[in-house]
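Order of writing sets the chain letters: A, B, C and D. Residues in each chain are counted from 1.
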Amino acid sequence: MNKNKTILVAGGDLRQVYTAQILAKENKVYTLGFDKSLLPSDKIKPIESPIMLEERVDFLILPLPVSTDGITLNTPFFKYSIPVESLPGMIKDGGIVFGGKFSEKIKDVFASKGIETIDYFEREELSVLNAIPTAEGAVQIAMEELPCTIFGQNVLVTGMGRISKVLVRILTALGAKTTVAARKYSDLAWAEIYGCRGVHISRLDESLGEYDIIFNTVPALLFDEKRLKKLKKSCLAIDLASKPGGFDLDAASANGVKTIWALSLPGKVAPVTSGEIIAHTILNILNERGEDNG
Amino acid sequence: MNKNKTILVAGGDLRQVYTAQILAKENKVYTLGFDKSLLPSDKIKPIESPIMLEERVDFLILPLPVSTDGITLNTPFFKYSIPVESLPGMIKDGGIVFGGKFSEKIKDVFASKGIETIDYFEREELSVLNAIPTAEGAVQIAMEELPCTIFGQNVLVTGMGRISKVLVRILTALGAKTTVAARKYSDLAWAEIYGCRGVHISRLDESLGEYDIIFNTVPALLFDEKRLKKLKKSCLAIDLASKPGGFDLDAASANGVKTIWALSLPGKVAPVTSGEIIAHTILNILNERGEDNG
Amino acid sequence: MNKNKTILVAGGDLRQVYTAQILAKENKVYTLGFDKSLLPSDKIKPIESPIMLEERVDFLILPLPVSTDGITLNTPFFKYSIPVESLPGMIKDGGIVFGGKFSEKIKDVFASKGIETIDYFEREELSVLNAIPTAEGAVQIAMEELPCTIFGQNVLVTGMGRISKVLVRILTALGAKTTVAARKYSDLAWAEIYGCRGVHISRLDESLGEYDIIFNTVPALLFDEKRLKKLKKSCLAIDLASKPGGFDLDAASANGVKTIWALSLPGKVAPVTSGEIIAHTILNILNERGEDNG
Amino acid sequence: MNKNKTILVAGGDLRQVYTAQILAKENKVYTLGFDKSLLPSDKIKPIESPIMLEERVDFLILPLPVSTDGITLNTPFFKYSIPVESLPGMIKDGGIVFGGKFSEKIKDVFASKGIETIDYFEREELSVLNAIPTAEGAVQIAMEELPCTIFGQNVLVTGMGRISKVLVRILTALGAKTTVAARKYSDLAWAEIYGCRGVHISRLDESLGEYDIIFNTVPALLFDEKRLKKLKKSCLAIDLASKPGGFDLDAASANGVKTIWALSLPGKVAPVTSGEIIAHTILNILNERGEDNG
C-alpha cells in the first residue's frame, strides 16, 4: 500500500471528492476546484487556488475527462477557471499526474516539464468495475419505469461485453427471462453459461416481438425503423451505448417505443462507488509500479 | 383452465384492473367501481352501477381489502359508494365471491344468501408471489437512496421468511455482502445455503456497526434506541414489516439513521404484476376445485 | 459456546468420529464403540468398554439411529455388542443423552434412571443441513453416470422440500434446464423464483418425454409403469426418497430406465460434514438451553 | 442451417462418434476409423477403408488432434492405420476439411491438392464450451475425493480464464468460500463480481494455509516446494493446467499434499457433450461462411 504521500485532487465532480476521501485515509490530501459545500469536514485540506498550496505534491489526480475545452481543468463544481498550464508547478520532481482521457495537448503540458502522466481510464479494471454501477443503474431505471416486476419479463440484452456480463447476472437473479443477442458465437456460449438464451444477431428479428425490456450495449444502430416496428408498443428500451447509440430515436418515438438513453450512469447513480473505483485503480497502478518501495 | 365464465371485477385499485385484464383473455369480464380513464379499451365491459349489469355472473372478484369501513366496497378510484349489500344479487346460483381479507361481517352478507366466499389473501402462493414485488421494490428504494452501488455493501436482512428469501437472492447476485439475523437455527442454515452469513439474533449486537443497509422483515421492535446507537450514521434502514414495524422511528431520527417504512410495495411498484398474481391465484383455486369440469 | 464439559461419544459410523473430533476442540471427549483404526490420534480418548470410563460424563452422544435391534447400541464399526442398559451408569446426575431416532423403549431405559434424552434428528436445522450433502451426492451420482455434462440437460425434480431447494440451486448454476413438479401452487411459485419451470403434478405426464435426468424426492409411487413408459430410454432416474421410493423398480428395469435409489447419502458421500452437522446441532441445542451459563 | 450435405467423419474417439450423430440429423454421414461396436445403429454409414466410399464428400471431419505421428490419422479405436495421404481423394472439388490441431505438414497434404483446411480447435466458442465439461469434471473429482461437501470449503482457484469463470460459478452456487488468485487487477475485479474474494498473486502466500481445495488453471509452476509447505496437509490439489502444470509433483508428494493432474477432462467425463461441441462449432463455421446459400 501507498502511504504518507502528498496528493492533490484537482477538479471533477462528486466522484473526485470521494476519490480524495479514500486516498486521505493513508495520505495527506489537498483538494482544488470544488465548492466548499461539497467537501466533508475531515482530513482533506481544500485550497482555493494553485498559489495557496503549501508544498509540492507527489501525485496530482485530475478528473475524467481532464478537460472539456483543452485549456482549463474540468471543474463543474467550482466558480473559477483553472488553466491546465498552472498545474505542473505544483508537482514534485519525479511526481506523477493521474487523469482520465488526457488529450495529447494536455499530456504535452506535463511532458514538456518532464512530468509523467498516467491515464487511469485506460485501465481494464476501471472499465470492469464501472460496469457494476452501469448495470445497477440500468436495472434501477427499468424498475422505476415499469409497472411490473423485472421477474418474469422477457429481456433482451445486446452485446456480451463487460456491462452485459454484469447485467445478465443481475437480471437472471431477478428472474427475468434473459436473451443475449451477439455476433460472436463465443459470446453466445457465454450467454448460455450465464443462464441466458443466446441468439445470433443475424436472427434477432425473429424474436423481437417477444421482449418487454431491451438493454442495448452496442454502439451501432441496431434498432432502425424496421426493427423498431417489430417491438411490442409496451417495450421499454434502455440504451447504454455511447454515441451513436443503438436506437433510431425518431423512429422509436414515432412507433411509440419508450427509449431512455442512459449515459454516464456510474457518476449519476453511484458517485461514491465511482470515486472509490478511481481511487482503487490509482492505488493498483502504484502497487504495480512498486511505489511502495519508493 | 377456466374459460368462458362470466365474471365481475368490482372495486380496488390498478391491481384489480390488471386482474380483470388477465381474466378477460378467456372469459367475459365486467368491471364496476373504477374511473373510466383507468380502463383499457379492450374486451372489458365497464358498468357504472350494479343495476346496469345485464346478467348475473359466475364469479365476483373483490379487492384486497374488500372493504375499509365494513359497509361499502373499497373503491379508491371511483366517485360513488357501492354498498356491499348490493352485491349478492349480481351472482348466479352456485357462483363464488373472491376477495382479500374478508371480515366476518362481510362474509355473512354473502353467506346469508347462500353464496360461497373465498379469501385469496389466505393462499400461500399469493404470499410467496407477493414477496417478489416486495423484494424488488425494497432493492429499488435502496438503489435510489444510496449514492453507491448495492455491490460491495454490507447488508443486514432480519428474518428468513418469504420476503427475505427472495431479497437475499437478489442482494447476493448484486454482490452485497449479506448477513441474515434470525432466531431459528434452521433459518440460519438456510441463510448460509443461500450464500449469506447467518447471525443468531441473540448475537446481533456484535456486528451492528458493520452494516450499510438494513432490511427488516420482522414485525417486532428489533431496533430500539440501544441498537440504533450502534449503527453507522450513514446506515440506511428499510422496514418491510407490518405494524408495529421493526424500528423505533423517533430514536432512529434522533440518532441520524435514515429509516424508510415501505409498506404495501407490490401495489405501488408493480401494480400490473400484483394484478396478475391475484388473477393467477384465483385461477389456481378454480383449477384445484376442478371447475374445469364444471 | 459450551466448553470444558466431559462427553462420551458412543457408537455409530465415521460420522460420529467426526462429531467427536469437533466436540473435542473445547471439551474432554471419550469414545466407545469404534475400531481403533478409525480414530484420529488427537485429543480423543478411546475406551474399549463401559467399565473403562474413568469418570461419569456430562453428555452422552449416541448415533443415528441409536439402535437397530432395540437392545444393543448401533456399532457397525466395533466387534463387540454394547447393551443400551449399560449406558445410563456412565452419565452424571443432570447429564443429558443425545441421539438420533430414539425408540420409546430406549428412551425409557434412560428416563427410568431420571436421565433426559434429546433427539437431534428431530431438529429442523439438522434436516436442512443434511439436505446439502444429499443434494451434492445426488449431483455427483448424475455426473458419474452420464456421458454428458449436467449443463444443458433437461432435469426434473419432484417435490419442493429441503433437498429439492438445495438441489435446484446447484442444478441451475450448473446450467441444467430444471423443472420442478409439485402439488402445491406455492411450491411452484418457489420453483419459478429459484429459476426453474414449475409444473403441477396433475400435468406432469405432458412433459415426461423431455427429461434427461429425474431426481425424485417424494416418498410415493409417482413413477408407475404408465409414467415410466413415457420417459426417454436414456433418462437417468435418481431416487432420493425414503421408502416406498418414487419408482416402480421392476417396471423401470423392464422399460430400460436406469434407476438409482440413493439413500443415506450424507453419511456415504460426506461423513465429515455429516459429523459436523450432528456436532453443531448438539451445540445449538445446548446454546438454546443456556447451558453456557450452567 | 446446413442440410443435405455429404460428410465423412474419420478417426478420433467417442467424441467424434457423437459429432457424427449430430451431423447425421440433417446430412448424409459416413464414418471411417471406428470399431463397429462403438457405432450406434442409426443413420450413420460406417465404411471400413477409404476405397469403400461410394461418393466424394462435401466435408471431411478429422479428430482432435488430427494425427499423433504426423503421417497417419489419429484412430485410437480402429485396428488399421489410415495414412493422411489417402484422405484428399475422398473430397469433392470445393470441399472442406475440418480438424483439430493441424500440423503444417498435414495442412500441406490437403493444400497441395487445393483443399481448404479449417482448424476448429482455434475457434473461441469451442474453447469456451469446453470449459463447461472441464469445470464440471473438476468439481466431480473434488466431490469424489473428499469426505466432506464442497459447501463450506475454502477453495482457491488460480487464474481467471474461461475454465475459472465456469468453475467459480459452480463453486459459489455449491456454497464454497471461493478465492481467486490472479495477476491482473481486472481479473480480480471479475472475481469479486462473480462472488469470490480476489487475491493478487503477489500476496497469495499469506492465505495459503486456509484452503481445503485448490484448482489450478495456470500453466506455470505456481506451487513450488515453498508454497506447498504452507498448505494444509489435508488440502486437495486439482491441476487443470496443461504442461508444465502448476504443481511440483515431487514436492507435493513429499509434503503429503494429494495432487491430481486432470487433463483432457471433456473427452473423459462428457464425451457426448464434447462431440456436440465439435459438431456445433463446425455448424457455426459453416453458418458464418454462408454455406446455407451454397
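The rule we apply is simple: a contact is a pair of C-beta atoms (placed from the backbone, for glycine too) under 8 Å apart; a residue touches a chain by one contact, two chains touch by 3 or more.
Just so it is clear, the structure is predicted and the values come from calculations on it, not from any experiment.
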{"item": "Which of B-C and A-B has more C-beta pairs touching across its chains", "value": "A-B"}
{"item": "Homomeric contact chain C-chain D: same or different residue positions, threshold half", "value": "same"}
{"item": "Approximate Å spacing (C-alpha centroids) for the pair chain A, chain B", "value": "37"}
{"item": "Interface hub residues of chain B, defined as touching at least two other chains", "value": "132, 151-152, 169, 172, 175, 193"}
{"item": "Parts of chain A lying in touch with chain B, wherever the complex brings them together", "value": "14, 132-133, 136-137, 139-140, 143-144, 146-152, 169-170, 172-175, 269-273, 276"}
{"item": "In the complex, chain A residues that touch chain D", "value": "123-125, 127-129, 131-132, 165-166, 169, 184-186, 188-190, 193-194, 200, 281, 284, 287-288"}
{"item": "Chain C residues touching chain A - in the complex, by the definition given at the top", "value": "151-152, 172, 175, 192-193, 195"}
